Amino acid sequence: MTSPALSLFNAPFAALAIPGPTFLERAPLELRDWFVHLFPAPAQWLVHHLITIVAVLAVFGLFFAFLTIAERKLLGRLQNRLGPNRTGPFGFMQPFADAIKALTKEDVVPAAADKLLHFLAPVIVCSFALMTFAVLPFGRHLIPLELDAAVLYFFAAGAATELAIFMAGWSSRNKYSLLAAMRALAQLISYELPLLLTVVPVVMLTGTLSTQNIVLAQGGWWHGVIPHWHVFTPWGFAGFLIFLVAALAETNRSPFDSPEAESELIAGHLTEYSGFKYALFFMAEYFGMTALCGLGVTLFLGGWQAPSVYLQFIPSYVWFGLKLIAMILLLIWIRGTLLRLRIDQLMRLSWKLLVPLALINLLNAAFWFQAGELGGAFAIARWPVSIGLAVLPFIAFGRRLGRGLGPRTYRYAP
Amino acid sequence: MNPLQICLLISCGLFAIGLTAALARSNSILVLLGIELMLNAANLNFIAFWRFGPSPAPASGVIFVLFSLAIAAAEAAVGLALVIAVYRHQKNIRLKEASRLKG
Amino acid sequence: MSFSVQLLWLIPALPLAAAAIGALTPRGGRTLAAGAAIAAMLGSFVLSCLALRTALVDPSAHLTHNFTWFAFGSEALQLGWLLDPLTAFMCVMVTFVGSLIFIFSTGYMKEDANFTRFFCFLSLFAAAMLGILVANSLLLVFVSWELVGLASYLLIGFWFHKPEAAAAAKKAFITTRIGDLGFLLGLLWLYHATGSLLFYDNGAGVLEADTLSLLITETTLGGLAVSTAIGLLIFCGAIGKSGQFPLHVWLPDAMEGPTPVSALIHAATMVAAGVFLIARIYPLMSADLALPEAPVNALTIVTAIGAITALMGACIAVAQNDLKRVLAFSTVSQLGYMMLALGVGSWVAAIFHLLTHAFFKALLFLGAGSVIHAAHHEQDIRRLGGLAPKMKLTFATFAIGMMALAGVPFLFSGFWSKEAILHAAHAWPVSQLPLAFGLTAVVLTAFYMTRLVAEVFFGQPRSHAAEHAHESSATMTVPLVLLAVATIALSLLAWPTPWLAQKLDPLAHTEAAHGHGLMILSIALVGVGLGLGAWIYLRKPRTSADAADPLESAAPSAFDALARRLGFDELYAATFGRLFFALAKLADAFDRLVWGGVVRAVAALGRWIGVVNQEAEDNVLNAGFDSGSETLRTGGRAYSATQTGDAHGYLLTMAVAFVLLVLVLVIGGAR
Amino acid sequence: MLSLSLIAALILTSAAVALSLRNLIHSALVLIVTWLGVSAFYLWAGAEFVGFAQILLYVGAISMVVLFAVLLTRRSMDEARVQPSSLRRVIAAVLAGGALAGVLAGAVLSTRFLPGAGRPPEINVRQIGLQLMGPHAASLLLVGVLLTVALIGATVIASSFERDDVSSDPDPRARSRGRLPSNSGDSHV
């Protein structure tokens, strides 16, 4: 009896056998097939999977490495300084130097710590962050695992992050770590809600949970120029903005990095971590950010679809990479620009602004779809109505958000 | 042996473990977790019958489990809220001591 | 741009929306409430102008849009909108005058704490009034009619903390309800007789020839044609709303409301609703004229009521001392003129007078409001005086309104409309008595208006407030000026060509011979009235507030009777009031003696049964119950031992029971 | 069959371990493994959607609630360890559980099941959605109401704010005992 689980893992690669339009589009597949055929037939399926995993690990590992250096250099620029520029040409070897440093550092574990959990936390957070890459469609034929419930899988795998943070905070046997972990958890749980709620309209309109199908649903162009990406609809734009904010918070990025605010909290739940374990957490954070950006690209920015019909000759995975990089650069820019939020402001932002806005956006998307179905004048009239539905609640809730919040007062200081 | 029977045996085992835990442990959180396990065992049964049972309706087993998951979530939320309320009241959560309805 | 009749509902809908906004606005949102109301009114005005253009393309057409409101069984109740020149002219008038009064109100009500509520009510009123105008269904008219009544009740009683205002609001509401009962009966009868309430419905409406011929062929009690009876019942509603004799008593009291309300409701628009209604159903009212031997025609009654009201109102106005009350009785009198015109068959003249009257009466009321506002709410003309130099603009505009009302020739629109009515009365074949009444009222109108102007604006200031009066702000004077201009400009509707008449009723021959003799007579009468007034009141102006009126010293008893408004209130109190009081007494006594006795007897019976019961219970039943309870208690105590409150115990019991159950089933199944 | 045995072993062992551990936090964490095993079973049976939903719900949500509850109901770091239960109670529980397991297993083994379909029913997410929105829409609505009620109820039950009626409280000192300082909206840092 063949295991259905295996067929589950095999099925997606059937899609990869479809010949692509150009050689470049198919080039990664050809390369893989050539390599797989070097092995004896019984081992081929194993090699097939392994090579996919290795490819994802290698690409995103390198991506992570250069992401750190890009971020540091860019932040340097934003803050009017140079950033790392000593190691290698333009300092590009810095991440590798950092890696060596982290590996060779002493791994300090508190004596009272729950050693097993203390060890497991970084492993779990890193492995689950990597697992989320499995369902991202990197190109027309490039998707490691084509699942029917891919979006659900993505968030299910992401759920482990919370667990890992709790484990890290609790196993450290340090009340500050634990407190920080609880705060981080509160933040993650609060922002998971708007994040999921902005995904719902996309799923609702495309009628599928499969990431590949969501990307396919965004194919096509108006007049060959303006693509049918969700971000170019009022609800999609509003949803993308909410998604962006929630994704920032989910990945503990500035301005939502109060759980581990370096300058205030000595790294929160990571206080008792050092050396390579700390590096793993660091890495997981960047993987998580990359994955969430990838999901954002998939859901709202048309995934690997080219922005114009005339630009289709460029392979789809290049487009995906470009969009991913653009979005990550945006996040870095935001990090260099905005101030950190206080924890109560942060919770207020989620529950009083993002969640209601996301719920209204859900209605907006439903309205958009229904009006589109009616066609004719409705298809035009839905634009102003939908824009209004996106903007007016924002103004209304945004005005209420700051109400009752006086300037910050200090009880024990003049 | 029929695969359905194997699945049912697994679910029996899970149910029995849940019950044993709910009976043996005095901590109300653990009792709740035992009950959650029993719910999970029931869900296992649904999926087993859906998968291996005779002529299943297209989605009924899955949908039953989905509803059951929702109810389990509600149960966990309310149950644990009650545990916290009990703790605030009697400063511990031993089920044995929470035997009065008086506030 | 052509205006579709389907969109006609927008005209009342805009003020309704403004009313909703006003209702939802907190007290502080003055600008929002007033702005919404004024914007809605101006929007309706623009829409009305567009509608007027559409209507004038073919003045004889009745554009309708009907739809089913709801269906019960096989019957379907239909509502609809109607656009014809009558509707369009009225809409333009109401929205124009309404807009100006709204603007005026922002100045007049500035200090009032319930500013937003006021504008909410005003908008509601305007919406209801416009609803009457655009309706193509008597039912819709009735609904709007009652809404108008409600809004007027709310507005008259706006200062409900004043007992007089609250009483006046109640009086207005109840009095008009009496008329509305007739209206409702007429409406129901009409529906019973024709199965439809639509005015025009491609030949099936109640105002169209087929239905009317059906209605006049049937007769009811007294040999009246059905159409006459229905018409008279509906006319009851118009009597109530338009303040006609004998239901005119509420209108002067309604002056307790804020002055803009008086201007809008009790001068320009609401009271005109009755006249409009009769003009609207004029085909129905005049249907019985085709019958050669009708015992009485509906329009004859209308004429009689109108003539009596016109003369009576003018008489009473002569002896009033309250500024707004004089204007109120002049309104009663002018409405009588309109009814008279309707009765003698010239509904066009009635509507013409309605339009011009709306403008100059609104002008007069707003002028009065300006005076009252300036004089710190002093309304007694004996205590005013000498205001002309202090309030030049108010005086000038008020004088224009006064001359229009008095019928000063040629320049003022009031003259033309009054002439039209008098000519129509002259041409009435039945009797010349209404003409005589009308001519008498002309003299009196000129006289009391001269008296009013003389007392208020000339002579010495006779109170502290009048001494320190000063001109009102621009929000109040600009509407005055606009209304004054309109008052003069409206002459163009009748002269040099009878344009309005052609547009309103293009089918009728409009060559109503303008007998110059009658015109000269009426001009002369106006001159007499003005001269008399000037001679009595201007030659020797009043010097102190307490001095007696010259007329009062000449004929004290007659003046006193007029000042007490011919005792109608006392008459009603003595007759109807006493009658109802007696009826109430009777009902009370019946309740106390007859029903109360029955109840007491039943109670005594119950008490006796109770005594018997108690004896039986104590000695027989209780003993048994006591022992039964004891048994239960013992059992309960034993059972409660198992209720430990220990969740584990319960769970264990459940598990064991479940195991046993399954065992039984398995063993039983195996067997 | 091998994978099924592995999954079964994972589920049963982790469940047994989880519920016998002394440390509540460890219990909860091991229980997460059990839940993961259950979701692995769902995936094995071809119910992909339910499997991921199980992970999302149990690993992502319920476990968090449990962990929070554990942390909120102890007074010091070491109190996560619970007192061992009395031996008598443990024996009774094991007997009851064993009897139940035995009886159920006997029932399962002695029942002759009709032969089922050889392969998993073809079901995709879209069909599940249509089923939920179509024939089961009423239940879906009810579940939504239930979850809302549970959310509000749980918040109300667990909320630490007592009612502020001073007059009905006979002992003013009782009010300050065990109560957080009231949250006055603006922060005093």
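As written, the chains take the letters A, B, C and D, and residue 1 is the first residue of each chain.
Here, a contact is a pair of C-beta atoms (placed from the backbone, for glycine too) under 8 Å apart; a residue touches a chain by one contact, two chains touch by 3 or more.
Bear in mind the structure is a predicted one, so any value in this text is a computation, not a measurement.
Novice: Quick check: more C-beta contact pairs in B-D or C-D?
Specialist: Of B-D and C-D, it is B-D that has more C-beta pairs in contact.
Novice: Go ahead and note the Å separation of the Cα centroids belonging to chain A and chain B.
Specialist: 34
Novice: Let me have the rounded angstrom distance from the C-alpha centre of chain C over to the C-alpha centre of chain D, please.
Specialist: The answer is 68 Å.
Novice: On a C-alpha centroid basis, what's the spacing between chain B and chain D, in Å?
Specialist: That gives a centre separation of 7 Å.
Novice: Check each residue of chain D and list the ones that touch at least two other chains.
Specialist: As it turns out, chain D has residues touching two or more other chains at 1, 45-46, 49, 53, 61, 68, 89, 92-93, 96-97, 100, 104, 120.
Novice: Could you list which residues of chain A touch at least two other chains?
Specialist: None at all.
Novice: For chain B, give me the residues that contact two or more of the other chains.
Specialist: Residue numbers touching two or more other chains: 19, 23, 26.
Novice: Once you've mapped the touching chain pairs, tell me: line, ring, star, complete or other?
Specialist: other
Novice: Considering only the defined contacts, which chain D positions touch chain C in the complex?
Specialist: Per the touch definition, chain D meets chain C at residues 89, 92-93, 96-97, 99-100, 103-104, 106-107, 110.
Novice: Could you please specify the touching residues of chain B with respect to chain C in the complex?
Specialist: Those residues of chain B that touch chain C are 19, 22-23, 26, 31, 95-96, 98-101.
Novice: Which residues of chain D touch chain A in the complex?
Specialist: 1, 3, 25, 29, 32, 43-46, 48-49, 52-53, 55-56, 59-61, 63-64, 67-68, 71, 77, 120, 124-126, 129, 185-189
Novice: If you look only at chain A, which of its residues touch chain D in the complex?
Specialist: Chain A residues touching chain D: 1, 3-5, 8, 117, 147-149, 152-153, 155-160, 162-163, 166-167, 170, 173, 175, 178, 182, 185, 189, 192, 207-210, 342, 344, 404-406, 408-411.
Novice: In the complex formed with chain D, which residues of chain C make contact?
Specialist: 648, 652, 655-656, 658-659, 662-663, 665-666, 669-670
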